[in-house]
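There are two complexes below, and they share chain A, which is joined by chain B in the first and by chain C in the second.
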Partner chain A sequence: MAADGLNLPVKCLNCHSALTTPIVCDGCHSLYPPPPWADHFSLLGLPRTYAIDEKRLNSCFRAIARGVHPDRFVGEPEEVRSLATRLSAELNQAFDVLSDPVRRADYLLEIAGGPSAAEMREVPGDFLADVMMLREEIDQARTTGDDDALRRHSESIAARRQDTLRQIAVLAESAADLDEPRRRVLRKLLNSMKYYDNLLAELAVDPFAASARTTND
Partner chain B sequence: MAYSDKVVDHYQNPRNVGSMDAALTNVGTGIVGAPECGDVMKLQIKVDENDRIVDAKFKTFGCGSAIASSSLATEWVKGRTLDEAMQLKNTEIVTELALPPVKIHCSVLAEDAVRAAIADVKKKKSQTQTTAANVAANG
Partner chain C sequence: MTDDHDIIIGIDLGTTNSLVAYADEAGPHLIAGPAGEDDVLLPSVVAFDDAGRVAQIGSEARAHAVERPATTVYSIKRLMGMGVADLTDDLSRLPYSIERRSQEDGRDVATVMIGDKCYTPPEISAMILRELKMRAERHFGCPVTKAVITVPAQFDDAQRQATRDAGQIAGLDVVRIINEPTAAALAYGLDRTEHATIAVYDLGGGTFDISILRLEDGVFEVLATNGDTHLGGDDFDHTLIDLFTREIREQFGIDITTPSIKQQLRTLSENIKIRLSDRDSAPVEIAIGAGRVYRRSVTRGEFETMIAPLVDRTIEACSRAMKTAKLTPENIQQVVLVGGSTRVPFVRRRVAEVFQRQPYTALNPEQVVALGAGVQASLLAGVQRDILLLDVTPLSLGIETLGGAMGKLIPANTRVPCRASETFTTFKDGQTNVKINVLQGERELVKDCRSLGVFELQGVPPMPAGIPKIDVTFLIDQNGILNVSATERRSAQTASVQIIPSHGLTRDEVKRMQAEALQHAREDMAAHHLIDVRTTLEFDLHKAEQMVERYGQLLDVSGRDALVAEIRGLLELAKQCTDPHVLNERREAFNRMTIPLAELAITASLSSDDGAAGQEPACKIGQETRENNRGGFGQPTLRSVET
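This part shows the complex of A and B:
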């Protein structure tokens, strides 16, 4: 398996310069359909790792996005133009996934063989009961106008989320080497993130703007 | 997204909102969640000595469809036996509330919550019976 496409000696078929991404040549602007081994990381010319350099991610994305931008190919044949459109969409998708720490970890787990959120919906231990209790306590604090309690909840939930994200980072960094039980642990941790986000979103809502307290649809 | 009238009705006037003492042996509690949207649902049932559900309560933190699904589920399980309530299908909730495809998971959540609550109360009952039997056997 070509696990890390960057290590392959890939050269432009047209001008023979070395490619930093398999989809476009920096030198002559030739476009190539993504090879079957290409993952989100290799599209962006990055090594497959969780600990990503955000500045590098951004600069690589901008440079490659310019290279495959459909505006560059207006005078070209239809098949080149449609390839540019397709590559731009795939590059954007790759960037969206990799620039989000949770989605990046989820993607590394997916490449490592899953399970996906659809295959396994569990969360760690008593986590759901905890979330339910926190929701009830937040409701209670809202009703009684206990702003101190709301602030404490915000801080402790944000801290728990950070802690979970740290555990996710450790596992995701070695996702390719994890056995199935540990991939399932990673899945459970990832599954808990949306609950934290909802709790924090709920706490961020202005309690005086009653009309704004509609639930997500 | 437009909600059906029935969803709006259950959302604005939810039936059986509340909590029961989860420590009681005749109360079953099911807490379930949907990782993709972060909704969390608690559904509780109280049974009599004939395993008939005499009361049901829920608390749902989530979208209108999740609230309506759990509200409807509590209405439907009341008066049924545990075995009858096990037959509740999420598709019945989908039909009754006219849920769109993207909201079907809300009805699945309600079905899961009912099943979890039933499993919980059955487990408690078997434990109490075992304890009672042990007490009887060991004097």
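This part shows the complex of A and C:
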């Protein structure tokens, strides 16, 4: 059951079977503290890539969650139970990050060496001016009760958000090989996402509706 | 994993009723009480005597609520993990006395006062749990020490801790706390292998939860949960109580204040609510003394108008939960109703509207949570391994930051277990401890959230201000309970974390209460044992009396006289003797003495074709002991009129 494209440097110390994740053995249910090299992808037994098969991510998560969940270790000594709790918490966090396209890109940038959102708050070129103009137009449409204009705005913002996400995907896919200036470009694009989300929330449109539609297609 | 013999029971510790269940290969089963296989609901009521000792638990305790309102404790679940400051509404509505427990460390733990004795809510809940534990022990014929206990999904850390403490005081190792709607889904979904998204609408006596779950590959994953820990069927009753109280005041200028009348009004209102579930109106007649009678009739429409704002709150929570789960009604394949209050037709109608489908009610809404707890217990005991529950934390966890703001560390609806880390430092040179106020809630300001307690990090190495870096990890485990650990980064020392819970008990208090409860339980058990032995002896004596009456002529005169004398003597002894061993020995000796008569009686009954002769007295005794004198409530009397 070796994960394709991924050679894990460890085998189970107990039963010597190959591990799909460094934290639990499928065969004998032994638990291991995560090794220092383990990232979110390896915890879930997945290769470190931006493009991710959502179905596979979900099924890997469920399979590993079954193996490490503390409910499995009720009769075991306290240290085993607390390790299970800790591993479950780490697995849950890894899954949350990887299942969100924006957080996944952010995470790839982080393990490639950043910069982080705290280190660099800038957004692309004229973006802020654009947002301010959009805000004014939205306010105006709202005062005049122009529902059509509001709908057009939310559609165009959702489309721009999708477009930005596509640019993010391209950069994030090769995050590890990006030079410093291009990592900064990725950072700026990522920073702009929360502006789109805020605008869409203000327009009372679920920011997830757009991405939900695309995954159903 | 666990021993094959390790029994784990599942307990639904409810506001109104509690139940105990287990599951085997055939599925989940409820464990009944002594009154027969339908006796599965144990009313969550504890009655005390004037000295503050436990007198009754369950139905018998509930029967006394009207006569003895100040010493009959119900709805204790509303007080779990609460401070007096949290309870303004309940304080005026509950007829027993609730006080703030005085603590030098500033904790506010609501405490029930019975005479000069005080009991914390976990202690009273423990009495109910111990009764359920005994039912299970009678069922299995062996000690039971492990349990899964359910709590409303919206319970915060303090309420969960209090529930776990109650288990410990009752002598139960609470191996898991699970959320009630999740348990219900487990009870429903066990045979289902298909993938589905279900909504569980759980409206109980005192709490409301809505949870949306996805079932896939045997994994029950909670996508979102929402609700209100102080909203339930009790509040429906209060709308009627408030209406009657107001109208009586307007018509007769009388204020209803006495606890026993309040309690009668409560019972009456509950009955009217239940009646309006299948009728269009319910007439009410309340004699308020001096020949004056308050009369009116409540229509279903009126009742629905009164409870509409309450039901609206539940419907809004449903919409919020769908939004959190990023779902619309058409993505949800099934809606399940849980809790006695979902029997109200108006509730069903509103739920059907918001989810755009008829709710599913195959299982009894009052039993489904306990059945699910039984299933989870069997999963943990290793009876089954193919199902896994993935639940979420209902509330955001945060810490107090400068300026009284709540700094969120873990947002609501995060899958548990989960953890977050934060680095703290010192403000003064040489400072060796740091205090952190830990909060739960969705509001921005500290004062609008609930403080779980002050966590004091001790043993920080003395360094100049701002130099120590203390990494604090907040971990919410699978039970939804917070665990905090801390390490100083420079010295790699583990700082110890001293917790002062805002509304909870310390570990030492729980241990002391457990020891006390065990002592009381031993005394109670001895008392119960004596009653059992006495009843058995009296039963045998009455049976023998009947036999002598019927077949005595078959014995010679001296033999018959000896038997009659022995019966009379033993009846007297049964009343006076308090040593169960003596009573048992005398009973056995007596039964040997009656063997000749019994043999004669059998022969005679066979020849006269009168086989059922000896069986009648059993019913008679049973009836005598069961008949309670329930009159004498005093004026005014209340009743709802049969139509």
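Things worth noting here:
FYI, the second predicted complex is superposed on the first by the 197 of 217 C-alpha atoms of A that agree within 3 Å, B and C clash if a C-alpha of one lies under 4 Å from a C-alpha of the other, contacts with A are read in each partner's own complex, and residues count from 1 in each chain.
Here is the rule we go by: a residue touches a chain if its C-beta (ideal position, glycine included) is under 8 Å from a C-beta of that chain, and two chains touch if they have at least 3 such contacts.
This one's a predicted model, so the numbers in the text were calculated from it and none came from an experiment.
When the shared chain is aligned, no partner comes close enough to touch A:181: not chain B, not chain C. Of the two partner chains placed by superposition, only chain B is touched by A:117; chain C is not.
In the superposition on chain A, A:36 makes contact with neither chain B nor chain C.
In the overlay built on the shared chain, the residue A:125 is in contact with neither chain B nor chain C.
Taking chain A as the reference, the larger set of touched residues comes from C, when chain B and chain C are compared.
In the superposition on chain A, A:86 makes contact with chain C only, while chain B stays out of contact range. Legend: residue contacts after superposition of the two complexes on their common chain; A:73 is shown touching chain C, with no touch to chain B.
Within the complex formed with chain B, the residues of chain A that make contact are 117, 121, 123, 128-129, 131-132, 135-136, 191-192, 194-195, 197-198, 202, 215-217. Residue ranges on chain A touching chain C, taken from their complex, read 58-59, 62, 65-66, 69-76, 85-86, 88-90, 92-93, 95-96, 206, 208, 212.
On the chain B side of its complex with chain A, the touching residues are 1, 3, 19, 31-40, 42, 59, 61-64, 67. Chain C makes touch with chain A in their complex at residues 1-3, 6, 8, 175-176, 216-217, 219, 323, 326, 379-382, 385, 388-390, 414-419, 475, 477-478.
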